[in-house]
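Both complexes shown next keep chain A, but they swap its partner, so chain B is in the first and chain C is in the second.
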Partner chain A sequence: MKRAKIFTALVLALLGLAGIAAAQRAKMIQIKGSDTLVNLVQILAETYMEKNPGAALAVLGGGSSTGIAGLTNGTCEIANHSREWKQKEIDLAWEKGVKPRFFVVAVDGVSIIVNEKNPLDELKMSDVGALYRGDIKNWKAVGGPSQAVSLYGRQSNSGTYVFMQEHVLGMKNYSTDMKEMNGNAQIIEGVIQDAGGIGYVGVGYLFDESGNVRKGIRVLKISNGGAAFSPLDKAAVDSGDYPVSRPLYQATKGKPSAAAAEFIQFEISDEGQKIVEREGFFPISAAHRAANEKNLR
Partner chain B sequence: MRKVIGLLMLLMVSLMSLTAQTTTPPPQTFSATVYFDYRHFLASDGPVTLKPAAATSAYKNSAFLFRRAYFTYENKINDDLKFRFRLDADNTANVTGVTLTGDPITGVTTSTDGKLRPFMKHLFLEYANFLVPKMVLNVGMIETLTFKPAEDRWGYRSVAKTLVDGYRDVTKKDILATSADIGVTLKYSFTKFFRVAAGLYNGSHYSKEETDQFKEIELQAQITPVAGFSIVGYMDHERKLPVASLPDETGPAQSIYKIDAFFERIKDLVLGVEWFSFKNDLYQTAGEKYDVGGWSAFGRYTIEPDKLALFARYDDYTPNSLDRGLDMGLAIAGIDWAPYNKSWRLQPNIWFYSYKDGTRYNASATRDSDVMFNLTFFLSF
Partner chain C sequence: MRKKRWANAKEAAIRAFFFTCGVLAILVLIGIFLTLLTTAIPAFREIHIGKFLTGKVWDPTSPEEVKYGILSMIVSSLLVTFGALVIAVPIGIGVAAYLSDVAHWRVREIVKPIVEILAGIPSVVVGFLGIVLFAPAIAKLFHIGHGLTAVNGSVLLAIMALPTIISISEDSLNAVPRAYTEASLALGASRWQTLFRVKVPAALSGIIAASMLGMGRAIGETMTVLMATGNARTFPNFPQGFLKSVRTMTANIAIELGEVPFFTTHYYALFAIGLVLFVMTFLVNLVADVILRKYQEREQ
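Here is the complex of A and B:
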């Protein structure tokens, strides 16, 4: 009899907790992932919540890998990622029954920056790769001053780290001398303080509060065999002439829920894309928009 | 003394200069996971199988029970190389263990002093994209392939080991399986539909040195024909030294055959089944070999990620295929609740034991069932 009472009490407690949690959960959309996207999506979410008082979104960083893992293991509803999924992530998602749908919400030019005292104005993609692999250790080798190169980059859970490795380093390892920083802002601070510094950051992080490129850094033009283009040149990024540009993604676990779909719809709307531009990123193309609309259905 | 101080200062200066050179250390992590229970035997003073026949008074109706502590250091050397060092501590680790008797397998020890002692669990190097992309090599004191698929899906090692892992704890019948051993594993993913793994180990497990010339091999294949549904086949094999009590067995061997199936197609729900059979030439009753086996079905449902989940499981044990009176079942159900932060969880759970014949496990047993309540405290940081 005593045992039956205890068991009944436990079952009731369990049901009560489940009910409370289910009610809580219905309100909150968890978004997790790319540090490149975190500020932008936070601002988009705040604007969206202001316009939709019933909506609740929580936006966390942690890097693209964290967001992708979160979507796969169910700890977030939307994953922010600044790179494409790796094969092992696709395999794991398949195993876990996750068939992701992807949405491009902004376009980023990964900017290569140096200290403002460095007179260089442009670099070849191949030289950027050689610098980050550690093959070139002095600026003199690429037309700069005779000064040791000091590398600043992201930690390996960052999508930008992986993007650079795949597109600029030729899938080779980074130099072990590279200082692995926690975020874009820390890379910029490092380069400002270091005359021999070079860093890579999302274009949205280049500007100060008044919309000007931050003091203390120089944004390099990059060439890939032909003319060099700046990541600050919107037309060059849109056309793909600037070689280190990339789409910034969100992923959902299959077809997004109605609440998540509404938020994504807002992000890719004209109003959302104005915020994207205001924050220093580039708006999505018509092709991206069409693909997004298809994935929302 | 001066020399010592001088050396210490030199060491400090060296360390400081090293720190100055590498402002950001390589990606290294230290982490710890601890779990312990408040255990209460709802029926009496403890399940039949936990209670030594001759010392029932040693068990109290309830107690705090330390279960496990892991301390892990990982160093991601580069994108392909990773190193892990893990210390483990539990209340069965001991230095003065006694050998179980009445069993042809010797060398099995059990706790005597109850003190909590750390021991080395993992010490290995992982090499991703070894030789070809998507091939992973592990070398050292490594995780074996035996438990991991079910353990990952069950997800509540803090509450209970999976069927094969916990078999000896529950039934007292040793199936000579382990979670870690010295050796090498090679894993390869052909496609998202199919992956394989193979391992070669001492076979003497993480707590012992190699005791014979034989090595254990493990083979595993996983197919995932549709998203969220996987079938994993596993087998291991090792020859053993003959024992004097069974002179006819001149080249004895042992093997585990195991099949797991996992269903993860429904949002927030994970379902799994596991079946295994252990064959050991040295396991005989009156000259006839018997198998040890069992099956398990489990599920967990996440109500709110990192906050609240429910889990349940049923295990069926057949410790001797020639003596079904030893058969038993174990049902476990509970809640995983993180009231404040996912690093600190409360996992209240109930265990229902059912014995075909309780007296086969404890001569003084007066019933064929038991109920045990645990409030498991789970901490990770």
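Here is the complex of A and C:
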């Protein structure tokens, strides 16, 4: 009974806080979406707010779908997304009078990792797809040791899950044997402990504090009908030669408001892109930059 | 005279207050059940209920063919829970017997509160232990690549169910009339024989009820299994499924409910899983309650 009372009091207090927060939020630029982007954009926003004391930005995660739905429903001003909008989502936005504009703010290479005991150094993109579809169940089939493949991946609410499915699996189902982990860090932990393990993680998660690739994993080179490239090779990712890479987007409702435009400008400036690199992502290419400039106008 | 009327009114008010509290608990339960029911039923406009319960593949975001089969998850939940009971019930009864009959009262005064503290460990902490401690140990023990398996979940759920099982089992062992023990000892039985042939059978319904309550706790646990069992959607065969990754009903709801578009078949289907789970835990608790009541009646 006493516990119930304390609980009620807590709930009431939280509701009150939420009310205050909601009142403040009115002036804030709300940014919502991809979990891949949330940390990066948070740091960008903090740096930006330090330099511009009047600015107020709030960055939330929740996944690309959440951000896209938020932009359409008007609960956020900028949506972070790590995949392109589905036709259904674009249609729905237009129906509601939202004409999204897209900005590429960083480039992410999804790296394919295996346990360091696995002698494999490179894989074909089609083989990665076959492994994750469950068509190949033993490493022998792709030139590795005779050992069962143990798949690690993200949960279905992750943008990376959808990206892999569209980009690497060829819009086919994941194997039901794949272990669906809570996040990039858990995938790495799993692969480090599992000699037959394979995982996909954002490049930003591969390094330890001193900037070296973490012990216990090997980052594979990936080929797509030609030479194989490593996601650690900046030039290859920048030119698009590394096949498992993707632009990371922000979307606004039509032409961004002056405040939002200023923030995006900061993100794609040299200073912003330095932060992008420091956080383990790749800076945007010249082509992306040109498209961004056009969308800002 | 006036004073008495005032006292009566006060008494009536207090009685009304407690009555409301009691009714409120029932109303909340009915409310939750009805919400669950009304949100679950629309799922079956598009999903065949037979396919829902017997389909092995759950893939609501599939780009190929959307499938809503929850049999793998039901079996996974039962598998993990069964494993947890196999571990927790013997240990639980052992500890309860030790505490009630063997331990010195000073030891009991220390051990019993500690066991009860065990119940207060947050499930996310238990799950974390599963990832960093038990999973690698299990992988080594069974020579498998990774330890994020059903048996890992079982071990953790056993830890979480133990306090319930120990506490209620010990109470029921203590409730066995002294005369039983004395008669048994007087007939020349050893303490061991008295404990396991007289007291445990006499307290059996209490022990069974304790196990059922522990089972109810285990089957509904979410965070721990979500972190520790790998969440693969594959169908676990018996018994080798224990060493495979599994996804329980609770973990699936927790993974997908945060992200699902509202008022879609997928959304309703998650509530339908919740309904199945609710019915299962309700039945387990009901059976436990009936057994416990029988046992109390017999004692009187």
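Here is the rule we go by: the second predicted complex is superposed on the first by the 272 of 297 C-alpha atoms of A that agree within 3 Å, B and C clash if a C-alpha of one lies under 4 Å from a C-alpha of the other, contacts with A are read in each partner's own complex, and residues count from 1 in each chain.
Keep in mind that, in the parts below, a contact is a pair of C-beta atoms (placed from the backbone, for glycine too) under 8 Å apart; a residue touches a chain by one contact, two chains touch by 3 or more.
None of these values were measured; they are calculated from a predicted model.
Asker: Quick one: classify A:Q165 as touching chain B (first), chain C (second), both or neither.
Answerer: both
Asker: With the two complexes superposed on chain A, say which partner A:G63 touches: chain B (first), chain C (second), both, or neither.
Answerer: It touches chain C, and chain B stays clear.
Asker: Touch check for A:Q155: first (chain B), second (chain C), both, or neither?
Answerer: Touch status of A:Q155: both partners.
Asker: Given the touch rule stated above, what does A:K96 touch, chain B (first), chain C (second), both, or neither?
Answerer: first
Asker: Is A:G197 touching anything from chain B or chain C once the two structures are fitted on A? First, second, both or neither.
Answerer: It touches chain C, and chain B stays clear.
Asker: In the overlaid three-chain picture, which partner chain does A:N184 touch, first (chain B) or second (chain C), both, or neither?
Answerer: neither
Asker: Going by the contact rule set out at the top, does A:N173 touch chain B (first), chain C (second), both, or neither?
Answerer: After superposing on A, A:N173 lies in contact with both chain B and chain C.
Asker: By the touch definition above, which chain A residues appear in both interfaces, chain B in one complex and chain C in the other?
Answerer: The overlap between the chain B and chain C interfaces on chain A comprises residues 155-156, 165, 173-174, 176, 179-181.
Asker: Given the complex with chain A, which residues does chain C contribute to the contact?
Answerer: It is residues 57, 59-64, 72, 131, 135-136, 139, 145-148, 226-227, 230-235, 244-245, 247, 255-256, 258-259, 261 of chain C that touch chain A.
Asker: Under the definition above, what is the set of chain A residues touching chain C in their complex?
Answerer: Where chain A meets chain C, its residues are 62-63, 65-66, 69, 148, 150, 155-157, 162, 165-166, 171-174, 176-182, 186, 189-190, 193-197.
Asker: Touching chain A in the complex: which residues of chain B?
Answerer: 22-24, 26-27, 42-43, 76, 78-80, 133-134, 189, 191-193, 195, 224, 227-230, 264-268, 302-308, 310, 335, 337, 348, 350, 371, 373
Asker: Which of the residues in chain A come into contact with chain B in the complex?
Answerer: Going through chain A, the ones touching chain B are 2-3, 6-7, 10, 14, 17-18, 21-22, 24-25, 30, 73-76, 87-88, 90-91, 93-99, 155-156, 165, 173-174, 176, 179-181, 253.
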